[in-house]
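In the two assemblies presented below, chain A is common to both, partnered first by chain B and then by chain C.
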Partner chain A sequence: MIKLIKDEANHQLIEITVSEANLENADAFKLQVIQLLDTHAKSVVIDLNNVEYIDSSFLGALVAILKHAIAMKKEVILINLKKDVHDLLLLIRLDKVFKIYSNYKEALTHL
Partner chain B sequence: MSINLKKILLVDDNQLFLKMLSKAFKKSGIECITAESGLEALEILKTITPAAILSDYEMPDMNGIEFRQRLMDDPVLNNIPFVFLTYITDKELMVKGLNLEAVDYVTKDTPVNVIVSKLNNLIYTVHKQQELSKQELKKAAEALNVRSIPNKTPVVDGFEINFWHQPYQDIPGGDFIDFIQVDNRYTFIVLGDIMGKKWMAWFFTFSFLSYVRAAIRFGILSNDYSVASILQKVNNVICYDDVLKDILSSLSLLMIDNETNQISYSGAGDLPLLHYEAETGQLKKVYADGILLGLLANSVYTEQRINLGKNDQLFIFTDGMIDFSTDKGKKSDYDGFTNNLKSFLNKSYNFKELETDLFESAPAARVDDCSIINIYRTA
Partner chain C sequence: MAGKRFDFLNSDETITPVLKQILEYIKSALPAIVNTDDTLFKVKIIITELLTNALKHSHSKSTIIDVKITNKILTITKTNYSDPLVLIAKTNVTRDRVAITKDMLHTLYAKSTAKDQVQFLCEENNIDETSSINDIIEHFGLLIITKAADIFVYTYDHHLGSNTFVVTIEY
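This part shows the complex of A and B:
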């Protein structure tokens, strides 16, 4: 579901390993990332390069993670979004609440 | 999590036995996911929810009892029917296992076809029981007259209002619709979508609808007919409601003013509406700027006026309308939906015809609840 790619001083980089982010894996995803946040108290950069489709349950999980992070004064950053996924996030204005960057390098300059 | 009725999880450190059982289950139409240890099984269960788990008792590292214990500690996993598979006919062990709510025991010398039948019966019985509970729930909801989708549309002078709704897999879900006619002049139109699917989302539609209805009514009482201010109130209440923590919803709120023939609109994380201009044949997007309800307290919502010319139409819809599955997997395609809709409208399809020829045309490709409301300016 998620793979920890990098564990840096102020953030962790994780990758979503599934191509279809949906109801079936949304709960597990939410629990795992919230656990990471609680244990390490670091911002999280989520790499979505594998994700072709994201449904509303999974978006709900992402937002729940963001709310959890905001309460801890940490950030949730999304990177490497496929066009369809990015378009959907723009359509429902989630770009107003998530920091979205095209790649990890760009995200680093804002961390 | 949705449960796959045709998938079970087999846990055994004996590879040969796993292979043999998988083959037998496959013959009866059940797919087996196999794990050689409790730890591997727990990893698999992070992404897949099988219809049942059949686990060996004696395994290195983590035995069956420990594995079962771990599942019991998890609120989602402890509901999956669990059957012990063992050589041991140790009474003490049986009692231990039954205390862990194992549904049954199967000894390994049982003929394979009997094991398969037993599991089949178990899955069928559990599924049947769940179906019955759902039926009871539906009946209770109907008896209480709680509806997240209305059964008729309002009659508004100069406009025609239609809607189409299709729950995902025939299970009520997170979409909700409401029409509130305050008087002869003002009519409110509500379309929301709780993030999530099926029952869990459905339960929360009532909380959201209650807040929206209350905010509209309180607004009217204080002569506040601003849809943006209503959304703002709803969002604030939801953000402070502990029960709705982590529950988010999109919402399109519109109000038709029959006297000025204007429509005011405010949206929270909803998809852009589509305005069909009869004169030009163009289908234009109408963007709102508000974010999802329940995300941030004190979010600002703004409103805009939409002027429909004669024979113009407005379409308000949830994401189920733009999501569908293809050979290459699932896809969200707002522009694809827009282009399709436009071509039908330019062929003068009315809403009834759109329903049958466009919305209902590929039911198997649907992946979520679908709702669409249509406002047609007749005069």
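This part shows the complex of A and C:
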């Protein structure tokens, strides 16, 4: 579901490994990322490069993760969104609450 | 007019195959001049949410998806047989719209359009210093369909015991 790519001093970079981020894997994803936050207390950069499509259940999981991170005064940053995924976030205005960057390099300048 | 019926067995592993079948059909049935990317994006997110909603909330074993394409109008109808949505009891007694969810980003309403029938409507809210991310809803299904559709209507038929969701997209 998720793969840890980098473990830096102030953040962790993780990659979602599934192409369809949906009801089937939303709960497992939420639990895994919240566990990472609780264990390491670092901000999380989530790479969605592999994700072709995301549904409402997975978006709900992302929002739950964001709330958890904010309560810990940490950040959740999304990178490498495919057009359909980005368009869906824009449609329901989640771009107003998530920090979204084109790639990891760009995200690093804001961490 | 073109049209086709698709049967969805309510299980999560069948969402993607049914979605692909419907998208292929619509792609082939839409006139060549239409900007299919935009229409197919809307269709994809709407059907995914209709099927996910059936999986989460319907107690019936299957769901029917009917697709109709007429001049500039694409209609997607989802039908299943189970209890009515709870909000029907509220909207049947008021002419006013009823807020279903409200957070810093949107307010989603159901407005009675006839007995046992509602239309879903959405307003974008202004974000200010009182807005809180903690209040953001974590259930986006109805919101996604409402915002992607031009018209989104739900009807419960007591006689048949059917729930019908009709989504209209102008292309």
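What we mean here is this: the second predicted complex is superposed on the first by the 111 of 111 C-alpha atoms of A that agree within 3 Å, B and C clash if a C-alpha of one lies under 4 Å from a C-alpha of the other, contacts with A are read in each partner's own complex, and residues count from 1 in each chain.
In the analysis below, a contact is a pair of C-beta atoms (placed from the backbone, for glycine too) under 8 Å apart; a residue touches a chain by one contact, two chains touch by 3 or more.
Worth saying up front: this structure is predicted, and the values here are computed from it rather than measured.
Chemist: Which of the two, chain B or chain C, is in touch with more residues of chain A?
Modeler: Of chain B and chain C, more residues of chain A lie in contact with B.
Chemist: Does the superposition put A:Leu91 against chain B (first), chain C (second), both, or neither?
Modeler: In the superposition, A:Leu91 touches chain B and chain C alike.
Chemist: For A:Met1, using the defined touch cut-off, is the partner it touches chain B, chain C, both, or neither? Pick first, second, both or neither.
Modeler: After superposing on A, A:Met1 lies in contact with chain B but is clear of chain C.
Chemist: Determine, under the contact definition given at the top, whether A:Ala28 touches first (chain B), second (chain C), both, or neither.
Modeler: The answer is first: A:Ala28 touches chain B but not chain C.
Chemist: Quick check on the output: what are the common chain A residues between the chain B footprint and the chain C footprint?
Modeler: 20, 22-24, 53, 55-57, 59-60, 63-64, 67, 84, 87-88, 91-94, 96-97
Chemist: Residue numbers of chain A touching chain B in their complex, please.
Modeler: Residues in contact with chain B: 1, 18-20, 22-28, 32, 52-57, 59-60, 63-64, 67, 84-85, 87-88, 91-94, 96-97.
Chemist: For a test of understanding, state which residues of chain B touch chain A in their complex under the given definition.
Modeler: 1-2, 46-49, 76, 174, 193, 195-198, 246-248, 250, 269-272, 289-292, 295-296, 319, 323, 328-334, 367-368
Chemist: Flag every residue of chain C that touches chain A in the complex, lowest number first.
Modeler: 12-13, 15-16, 41, 44-45, 48-49, 52, 55-56, 104-106, 124, 127, 133-134, 136-141, 143-144, 147-148
Chemist: Can you name the residues of chain A that touch chain C in the complex?
Modeler: Residues of chain A touching chain C: 20, 22-24, 53, 55-57, 59-61, 63-64, 66-67, 70-71, 84, 87-88, 91-94, 96-97.
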